[in-house]
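Please see the structure below; I have some questions.
Chain nomenclature is as follows: A, B and C, assigned in order of appearance, with residue numbering initiated at 1 for each chain independently.
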Amino acid sequence: MSETPPPAAARRSGAARRVLRNPLGLGSALVLAVIVAAVLLAPVLSPQDPDLASLRDSFGGPGPGHPLGLDSAGRDIASRLLYGGRATLGGAVLAVLVALAAGVPAGLLAGYRGGRVDAAANWVVNLVMALPAMVVLLACRAILGPTVWVLMVVLGLLVAPAFFRLVRGIVAGVRNELYVDAARVSGLSGTRIVARHVLVVVRGPIIIQTALVAGIAIGLQAGLEFLGIGSGSAPTWGAMLNEAFKNIQRAPGMIVWPGLALGLTNASLVLLAAALRDALEDRGTPPARRRPRPPKAAPPPGGEPGRAGLLSVRGLTVAYALADGRSKQVVHGVDLDVRAGEIVGLVGESGSGKTQTAFSILGILPEGGHVGAGSVTVEGLEIVGLPERAHRALRGNAVAYIPQEPMSNLDPSFTVGAQLMEPMRHRLGISRAEARRRALDLLRMVEITEPERVFGSYPHEISGGMAQRVLIAGAMSCDPGLLIADEPTTALDVMVQAEVLGLLRRLQRERGLGVLLVTHDLGVVADVCDRVAVMHDGRIVETDTAEQVLSDPRDPYTRRLLGAVLDHAPARAPWQPAAEETV
Amino acid sequence: MLNFVARRLAAGAVLLFVISFLSYLLLSVPHLDVGRQLLGSGAAQDLVDAKNAELGLDRPVPARYADWLAHAVRGDLGTSWFTGEDVRQAVGTRLPVTASLMIGVLLVTAAVSLLLGVWAGVRRGPADRLVQMLGVAGYALPGFLVTLVIVVVFAVRLGWFPAIGYTGLTESVPGWLSTITLPVLSLSLAGVAGVSQQVRGAVIDVLRQDYVRTLRARGLPPSRILFRHVLRNAAAPALTTLSLQFVGLLGSSVLVEQIFGLPGIGSMTVTYTTRGDIPVIMALVMVTVVLVVAVNLVVDVLIGWLNPRARSV
Amino acid sequence: MKKTSRGAAIVAAGAAAAAVLTGCAGSGGAKGGTDALNIATLTLPQSLDPADANGSAMPFFQAVYDTLIKREADGSYSPMLATKWEYDTDRTELRLTLRDGVKFDDGTPFDATAVKANMERFVKKTGAQAKTLKGVKAITVADKTHLALKLAQPDPAMLFYLSDAAGLMANPAAFAKPGDPLKTRPDGTGPYDLDAKKSAIGTRWVYSRAQNYWGTKLPYDSVTISYFDNETAIVNGIRTGQIDAAVLQDADQQAGIESVPKIVKTKQEFDFQGLVLFDRAGVRTPALRDPRVRQALNYAIDRKTMLAKLRQGRGEATSQIFGTGAAGYVKELDGYYAYDPAKARDLLKQAGQAGGFTLKLPRVSAIVPDALASSLQTDLGAVGVKVAWDNVDGGAIRRIFTERGYSAMVMNLGQPTTDWLAISDYVLPGAFNMFGYTDDTVKGLLPKIQAAEAGGAKAELRALNEHLVKDAWFVPFYRMSYLHVSDGTVKITPQSGMAVPSLYDYAPAK
């Protein structure tokens, strides 16, 4: 999303805790810890020397001194498992370290510097990827000797491109985004921003990739042993697995232990990686019990006196399901009305619940969020408890949405024209040519000077202000009666802000629209709003005409809000990370 | 676009040259004593020396490489030291086997991963857990064990499919399908495990994008948003994973080829490299490089087509 | 995106469905009837040029070429391209009478000149078996069907050679052609022709019946030999009936297929496994010069346990290198060295090696699995001989044979029924006696053995065997039994003295 992630350190401790709270994360971390500890303590835990063989006793079952029995050479399976883990896991660690050391710095450099450095690095990476792995492995083995360490170093080098590509891709993407950012936030050097952001963004994928590469390294050892490209006489789980396979008729049970060690380790690695990723990127599986049924609509629509015909909200509550199964209410009983031809400002700080209120009217609350109680009527129709399909029919036609961040709200893969035409063709059922004509009209209407060019452009080819106009055009495309604008000017610079507000105002007047303008910017309110509702902590604390609220606020919170604006009076409100919007 | 493809092809040609030299060097450094391998360990030393001389192994490596290159650019890849067959023919008869295998695996992996990944990413909850578990199983189980179980169950016990061998597509289509099904199944499991996770992650990421919310706010139905917008944006990372998977397949197909007795280039690479049959391996190396370059090119073009931003960068 | 993915899914689903529908028919149809024979092998022929023919690859050649002499399954010789052969009295001239009227496919007649051309080329080419005709000084063609081989000295194995690689007769018209066409387009008088269209050299060779074969037809219209690099695939193929016949060497694979009822199994003991002591002269390991040290090594190892555990009992413990079919074989010598570590320590003490010594051994992991490596280490270690294994996988064979870097090596070696083959490979100076060691007893016995016909000087052969065992030239472990398996449609007669049956040894089961 558009928000800057909070400082890495703060999130990291949270991530660790989140991983351990996730039962799978905790379980796999525990299993791995036990395995690593056991392998490290092999000299203490092993019943005997892993190479001590007694052919007479080979294939012996579990007994005193040999808890897991003996292998085909009469060596103690438990001891070999413990010592074998050293070469196996040590080898995997080595492969990962080599891959990280070779792939990550190169990826950072190539992604950040771009140009020739990038081209050169890419060529080398293509070379490594195209190298026939088997030939390289076999040749290095023949030259350097058949040990697990040689195989793992070679493997590390061969998989380094995976890290390189991953890091390079992310860094290149972040760099492009941050040039915009860096220009906005003056004072911080671009390098420092990139470094800080890169660390945060790249960390998660690298951890996951690391776990996967470790798993691949362990699996590959086993595969190579099977092909007869073994790692000499040192015990490894792969060698044990292969030995068991070679004697599968004689002692079918022997395959269990190395198979289990290998499988458990790999499974734990993948699960831990998944838990880490979910914690870092915050996309864990939500408890996702069935979405709670919305309450049946309370009062009959329009019956109650004082409710506006266009939009009327009464006693609305919004809640989010938490990971532990409980739910947390973020909006507590909001009342709100918007009449046709009226601009209502919904004002409040970040986290006050204003965006949640707007989203529940549109029916686009994010995952886990739901309307708990209350009534919302749009053009007299109750939408709380309305089936999704019927609710969807209102969106676009009756109520439309203008988002905050223009760039991130356009699909980067489609042209502006395609994105404008799609809802019209779908909702209004008009022909392609007709949709095209109307889309160009819309672009003209939002005061875009070269509609044809913008129509054929991709979002990354137009400016932020232009994109916001396109989004306004999109909102107007199916001729709605109610417009919900969520901080429509916040992401724009001052000049453009004024233009966009003017445009909104003009459209509202010409078409007699009702507008719910969600904003934290009292200057905007003063400019365009007829009435204002001030929101704080999920509640409306004051509702009145704009004049009244701005000149004579009654609620202490409103007064504080106004005071802050007057004291600092920034040209444009400083952007703040908003926990509410990142949900 | 044409310019891009041309540049990439030129880079590929340079790559081919560099890798051929590196490989020749790597193959020549360990002295595999090809002569003795050919004549058996009991052969007299003078005969072995004569055999090595006959193969040109008494000459310095750069000279041998130059010789090989001079013939190779004219399309003459020589004959195998160990089976006497024409190298082009030898690789030509085995390439279709591995190619069938890989195309089959890519199709199955792409299709199944897409279904599972999207299902998990959109539905979340139990579906998500199930797909994640499948992924874990795919990673945790050693590939050759899975393959062995598949052969024993579906070929030996149930007799639904042949246990070994390959029937060419041109010989018989049903025969080809029946010989290729189990190997493709065995190889796809790990691929599906990896790629479906990638698709799931990408779908979840895209679903959280602001523009998806805006599309919902425009009243578009979820299915349309999913198929038109989410999948298209999620495709690039999935394609990249798939192309990496392909490169990996070139290596991992050897296990499956051996167990199913498939005469493909995977098992060929291992057997001929351990023996040191340089003419054959060099041809295999060339084929591998061409395949990798081609697949990467195709994937990059596809990604460019799907994602206009990558196109202009 | 939507379209492609859906398309892919449909294709995949269709493929799976079609495969399920056709799968049964496919595998059923592949079953061999009496008209076709499918053999699986782990041996890759270097080419189909007789000059490259060698040991286990013989069936590939027997399909296309005839040998001068036919070797029957029991090891006896019968006429093939040669109808008669006789030695002069001092056994240095072998006179051959050839079959008249045999022609190659292009009409070139098979005659004495062709034989001479074949043999001269065979020696000149650097093939693995070229050494077998090294002792032929001159070849004199008497007329179209008669020729004589003049030998430098008597060679009791000469008839064997003529029934083997050296006896394969190719069309001399192909010799002069550029690029050695015989390598991939064999041209002989044999019972089959290579079907180049159906064959894929390197993986599958398909032979179809030659139209005008001069001799008795073999029972199969076509023979397919498929190469596999592992026995797992072969066992699966036998079990599904896709392969008709194969030899299994691996003990566990044998055990796996034994329980399957429809499979027909025939046991054969051929190779022995053991430690070949190259350095009896003590060049690298001085301790080995003393016979008592070599005997100690023999007493130190526990053959019975090794056989039971390493080969799952499939084979016979032995102390001699001669196989049961050889004239020099002495049954009593199998158990000559019983496991006796105390005696071993005693012998070492007598030899002045009470402190023990280190024996560095090369290890090829395909021959020496972990269990064998560690059991030798344990057994020999128990009497004070420290075994140090050097892994020589991937290109270090050079260190063994060319640089003569090791004093001994664990090997799997054949036990031919022709005694002289074993003697010339294992006893005479050569690759397996690389330091050229010999002693007076051996020097005394060899001339008598060499001058007699194969297996003729039985007393001397037995004496030689006894000497080799008692003087401990080798540390044999056991003869390994191999298992001939067929899916029930083929009757296999094992070829005496060969690990792989000749092509003539397969017949449809009744």
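The rule we apply is simple: a residue touches a chain if its C-beta (ideal position, glycine included) is under 8 Å from a C-beta of that chain, and two chains touch if they have at least 3 such contacts.
If you want to know which protein each chain is, UniProt gives these names: A = Vitamin B12 import ATP-binding protein BtuD; B = Glutathione transport system permease protein GsiC; C = Solute-binding protein family 5 domain-containing protein.
Keep in mind that this is a model prediction, so the values were computed, not measured.
Chain centres defined as mean CA positions place B nearest to the mean of all protein CA atoms. The interface holding more C-beta pairs in contact, when B-C is weighed against A-C, is B-C.
Centroids of subunit A and subunit B (each the mean of its C-alpha atoms) stand 31 Å apart. If you average the Cα atoms of subunit B and of subunit C, the two centres end up 37 Å apart.
With centres taken as mean Cα positions, subunit C sits 64 Å from subunit A. Annotation for subunit A: residues 138, 142, 228-229 touch two or more other chains. Annotation for subunit B: residues 30, 32, 148, 228, 232, 258, 270, 274, 306 touch two or more other chains.
Multi-chain contact residues of subunit C, defined as those touching 2 or more other chains: 394-395. Against subunit C, in their complex, subunit B makes its touches with residues 30-33, 36-45, 47-48, 50-51, 54, 79-80, 82-86, 89-90, 93-94, 104, 107-108, 110-112, 114-115, 148, 151-152, 155-156, 159-165, 167, 174-175, 177-181, 227-228, 231-232, 235, 258-261, 263, 267-268, 270-271, 274, 276, 306. Subunit C makes touch with subunit B in their complex at residues 1-2, 5, 8-9, 11-12, 15-16, 18-27, 30, 44-49, 52, 54-55, 126-128, 130-131, 180, 183-184, 200-204, 226, 228-230, 232-234, 236-237, 239-240, 242-243, 394-395, 397-398, 400-402, 411, 425, 430-432.
Residues 1-2, 123, 126-127, 129-136, 138-140, 142-143, 162, 165, 169, 172, 176, 212, 215, 219, 222-223, 226-229, 241, 245, 255, 259, 262-264, 266-267, 269-271, 274, 277, 281, 283, 285-289, 362, 364, 366-367, 392-397, 400-401, 403, 405, 408-414, 422-423, 426-427, 458, 460-461, 471, 474-475, 477-478 of subunit A are the ones touching subunit B in the complex. Across the complex, subunit C is touched by residues 51, 53-56, 58-59, 71-75, 138, 141-142, 145-146, 228-230, 232-233, 239, 243, 246-250 of subunit A. Taken together, the subunit C residues at the contact with subunit A in this complex read 250-253, 255-256, 302, 305-306, 309-310, 312, 363, 365-366, 369-375, 377-379, 389, 391, 393-395.
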